[in-house]
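Per-chain residue numbering starts at 1, and chain names A, B, C and D are given in the order in which the chains are listed.
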Amino acid sequence: MSLSQATVEKIQDYARRYPSAQSAILPALWAVQHEVGYVTSDGMREVAQHLGLPASLVEATSSFYSMYLTRPEGRHDAVMCVNVACALRGAEELFAYCEQRLGIRDGQTTSDGAITLRSTIECLGACGGAPMMQIDHRFEEDLTPERVNAIFERLRTEPAPSPEPPRPAAVPPTPTPAAKAAPKRPAGGSRPREKKADT
Amino acid sequence: MSDEDREVDGKPDQPTPLRGPDEGVPPHPEGKRPSVAADITALATGLKTTLGEFFSPAVTLEYPEDKSPRSERYRGRHYLRRYENGLERCIGCELCAAACPVGCILVIAAENTDENRVSPGERYAKTYEINMLRCIFCGYCEDACPVQAIVLGPEYELSDTSREKFIYTKEKLLEPLPPDVQARLDSKGPK
Amino acid sequence: MAEKKILTKDFGAPGLAHLAGYEQTGGYQAYQKALKELQPDALVEMVKKSGLRGRGGAGFGTGQKWSFLPKGVYPRYLVINADESEPGCFKDRYLLEASPHQVVEGLLIAAFAIGCNLAFIYIRGEYLPQHEALEWALAEARQAGYIGKNVLGSGFDVDVILHRGAGAYICGEETALLTSLEGYRGEPRLKPPFPAIKGLYGKPTVVNNVETVATLPHIVSNGPDWFATIGTETGKGTRLWCMSGHVNRPGNYEMEMGAPIRELIYDLGGGVWKNRKLKAFQPGGASMMVLLPQHLDVGLDFDAIQKAGSLAGAGAMVVMDETTCMVDMCRRYVEFFHHESCGKCTPCREGTFWMTNVLTRIEEGEGKAGDADLLLEMGNNIDGRSFCPLGDASTWFPRSCIKYFRDEFEQHVTEHACPFRKERVMVA
Amino acid sequence: MAVATDQVTLQVDGVSVTVPKGTLILDAAKKLGIDIPIFCSHPKMEPVAVCRMCLIEVEKMPKLQPACAIPVAEGMVVRTLTDKVKQYQQGVLEFLLINHPLDCPICDKGGECPLQDQTFQYGPGASRYDFQKAHFDKAVPLSDKIVLDRERCILCWRCTRFTEEISGERELALIKRGVHTIIGTFNDEPAQSVYQGNWTEICPVGALTSRQYRFISRPWDLDRTPSVCPGCAMGCNIQIDSRHNKIGRFQSRENLEVDDGWLCDQGRYSFPYFQRDQEFGSPSIRRDGQLAAVSYPEAVAEAAARLQRAGSSAAGWASPGATNEELFLFQRLFRETLKSPHLDHRQQGIHETDPEDIGLPIADIERCDHVVVLGGQEVIDAAPVLHLRLHKSQRHGVAVHRVDEVKAGLAAVPAEATVVGVLATAARRADAITLQNQLVSKVKGSVRRLIVVRGPNGRGAKDLGILPHLGPGYAVLNGRAGRPRAEWPKAGIRALYIYDASPLQEFGATEAELDWLRSLDTVIVQRFKPSVLDEYAHVVLPGRAFPEKDGTMTSMEGRVQRIATGIDAAHVWDDWRILQAVANAMGAGWPYRTSESIFADLAKAVPAYAAAAPAQGRVLWGER
């Protein structure tokens, strides 16, 4: 099951952007995860081929980072931080509530495959809004049991996030009409093509 | 130069004899004339202890009917023990062979496979031999064993008909353990 | 003393996240001024004179760090450390989300100062919205000609690559970040050679924090002397402090360096919540020693906090009220370091694993008598022995807790239970 | 006074020492005989300082410093025996052991395990860790040669660094993070490297062990014999570890000039070929169609009689696996006793040879600036450890060009190259010489070649004249040259003496040759193991395998090296003794009693060998 042409293209594009092809491993693995849902060993082998590297090196790098998933997960992944700043504001109790609410244990996926619930000791960088959760790499802060219920309801029906990282948060168009027309949105989220700086 | 012709200021160097060549047997000291009564009483006093012992109960142990009591920690013939499920305890680690002061233990290890599982874990002793002729029964092997496989049992009657038979191989060592050895091992604590 | 806003003075202005909105607040003027009027070396001197110290955690002089670059060795790289994973710390996220262009302008000024033509921004994987805000800002800056060839006719070429991490706290460490950026496992490197001599791809590299470069436009536009007047003689300018934990108004506050901690917690942070009593607080995030109420009057400045027995670190103020179980806090922080240890060196890899087990045992009431001393002794065998500061830092908080709250540890052991657990109540 | 700038003086434990700049503290201390404990440091790899075992105190440095990674500085004061260091060493060993399984009884490394030794020497008496150890999978077959136990691994990175820095195959890598980190190949696929044997030697614990040597013996039961690898012409120094007179394993015995401390799997795991695990038959004579077992003297007498009948129309083939002494006698048997010039040691090809073939010593490959490997992988397959030398050279800046044709090789080397090396197998020798000549005219520097011959003593066979047209020391036999093996069937040869010394370099008869053998009236086979040639033989003389005899072998670079008896096989005559018996049965009157005495005669006949006293120098034909 090889990678789609678009992903392969993106990988080759990354390889050209960096002074050394090896630096493109992380972005390439993100591309694989966006397409397949998790980092497969075939995916890693293909990334290695496209970047001209030994496959063991790609697996070594991929297995090091916690955000690369190693097995298929639910449509949405809900990660709750239980580090100190969040625990001080009741994260543990809230997580227990979530487990009981979804009827699954830490790390499991709901029977309908909608939500994978995980707690992580890794601080997610939203301590101001503790207790909080990261839903599909986006923060939901100042959670209360009621807000958690609302989120879970939404997630049950909502489709999986689009493989491309979603557009930046909708920022109101700049008020002054005189401002230059907003630049053409970078097509499909890929960077605008410009010649690699000849370093 | 032999002893005879050594000269000491002209005279042959000889030890002086006790009696001169012509002296006879010395006369009997006075008052000690031989008499039968004196002889019998001397005989009686001499045998007093012997007769005393003659009539007291014998301390001899009629071996083999009854044998001298042995302490619980007596170190006699070796045994290789097994776990309750029948697997051999010995893992062929050769620590006993290394600990043996006389080097009379030969261990050749091999790998357990699922079909041929001899001991728990990865390793077992394919060959385990003790040369009982050289063994000094010091018990160092029992102390060295990490899994309490080799233990010294109570038997000491180890005579046999040929020297080869004194090389105890695994099937001889794996014979079932006498009961009282188990008591000793339990007292030594878990291993 | 209320907040002293420099970096965050325009936050909230409409459209600040976009180029037009940012330019309205005077954005990119400093960058154009630097390009047109200043020489790179003059810029380095200016930053050195301003006394700006790194906001990432080590507090090293930014100008000084730039001057370590060997003369005439090209290409050089500038890497912006946006990996902010220190527990309790969310200031970079606030800066990136609210005003990405300020960061972009800052890094372009820094790139021009050190003569770097290819700059990187290493952003942590969990910050997806901020990643997109930056991606959008970079696209706008490219469109406006601030990034590219011969920027504004000044002959300065620069390109910026936004590199997304994938969840590893260790990649916040300077050399681990560079190793990760090169595509390897994010493990720290031997120092020497220092990155300034042999960093990314073996070339001289400067690694600066997001907040550090965000300050540069203000220094360039207002001059170093203006900056030097703010803060104390050793800690110049203002600093973003992240308030979290048992405080009424958690969030980011920009304070002048040297302002007492009391003002930060009580005036800005609204004091301890549920009008409970303050038990302890932590100025620098997970890695820093704990401080007590008696330290409230210590100034918010690198050296003052260091004298008080802790470190300013990344500026994450975690406040704990009297219902907090310090053993549980130690357990969480050590478990965090155990989870994030890269596993490269023995003391940190095995030590954090063992400390986590011991602290978990104490918290669950099965602690043994000598556990506190065992933790201290283990700490001695890790601190100063591990390969990078993560190992050392994993022992600082627990050891400071044992120093100040040893009785709490003994109590857990003797009572075979956590005395605070029954106090824990569901957050309404 | 200005000390030579590159020398640095420092003090270690109160004793001062002067070492070149850039030396590591570890090596400076070793120079004083002070052994600082290490795990991850390895002399042939870049320092990584991950195990933290070697931390020592350096004055004016607050933290303990890793001795394996910090270069010395002038006036540095190093202390390795302070309480702080001792107490720390106990701490780090305790850390290493908390997740280390108590496998010593079943672990092959027991007795030669650095972790075990250093725990006894520096470690704490007991461990204070009383939790569950982290469990990983054990006895994972990495390949058919290596088994990996992930619980024992202490993550010293030596094996991953080996596959990156030494062999360049980058097969092993670290997987996962923190205390869960393990070693493995990609997706747990079997390892393909041909240098896996070295992993088991550099691993400081029992994580990587050899499957063939699994549970064979404890180190203290081994008899160790220095010898040379029988696999190929590289001449890697090995150590034969045997127990109960059976070979357990080959270990590398570092020789910086030749193998740099490494062995290839082809040679390391070739010892089963030389295992005398059952009886290989006694001397026998063919009587009315059947081979009848006889004693050695009878077989020798029969062989001598038959050879004498053939006289000068006898031909002799000796394997390039034989020792110099045996080849010398073999050559004397034919040229002096039988007066027959028909000698050969090659298989099919008829390729010339001359002393220039050893122009480039192996160690000099590193000092070249360009090396052309003519035939690419073919040369590496002929001498696998050569690849490690080439990869090391490449990492130090030597340009290595692996090409297939002369044209490509010529184009690859720029004109301003100063030291050029050409490597090729014997089969491609002609191309190599044409390439060398073309390069000499193109390049202003020197161009030297090294021909990888076949067999551990291929070079020795050529030097000692086991060739129809060349006598010992390349003496030209004008007019009295014999016929090479390929022409024997048509050259009226009536007797053939095959001395098949090594199962790895066999006679390898083709179909045509087998038919020809049937037609001969005398075929004498002197071999170690029963082989297919036994059916054609009229006289079978069982000889010894290479670990069972003394003697010298000449490697492809002309280095004369000694092999010693590791396994004794008293009931089998030594090969040179058989050859002498056959010759003396024909009245040759050779007086040799030991192989050393033969070497003395050999050195007289071939002066260059006299210069290279065994096991030291190289046969330098230049000073002939």
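Keep this in mind: a residue touches a chain if its C-beta (ideal position, glycine included) is under 8 Å from a C-beta of that chain, and two chains touch if they have at least 3 such contacts.
In this text the structure is predicted, and so the values were computed from the model without any measurement.
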By number of C-beta contact pairs, the top two chains: A-C
Between chain D and chain A, distance of the C-alpha-averaged centres to the nearest whole Å: 53
Interchain centroid distance [CA atoms averaged], chain A/chain C, Å: 23
Whole-Å gap separating chain B and chain C, where each centre is the average of the chain's CA atoms: 78
Residues of chain C whose C-beta touches two or more other chains: 168, 185, 339-340, 342
Residues of chain D touching at least two other chains: 174, 176-177
Per-residue overlap in chain B, given as positions that touch at least 2 other chains: none
Overall pattern in which the protein chains touch one another (line/ring/star/complete/other): other
Pairwise chain contacts under the document criterion: A-C, A-D, B-D, C-D
Complex interface listing, chain B residues touching chain D: 91-95, 97-98, 109-111, 121-123, 146-147
Contacting residues of chain D [partner chain C, same complex]: 47-53, 55, 62-64, 69, 88, 91-92, 94-96, 98-99, 128-129, 131, 134, 154-155, 174, 176-181
Of all residues in chain C, those that touch chain A in their complex: 14-15, 17-18, 20-21, 24, 75, 84-90, 93, 117-118, 124-129, 131-133, 135-136, 139-140, 142-143, 148, 157-159, 161, 163-169, 180-186, 201, 242-246, 250-252, 286, 316, 318, 320, 324, 328-329, 332-333, 335-336, 339-340, 342, 424, 426-427
Chain D residues touching chain A - in the complex, by the definition given at the top: 169-177, 184-187
Residue ranges of chain D in contact with chain B within the complex: 104-106, 110, 138-139, 214-216, 218, 220-221
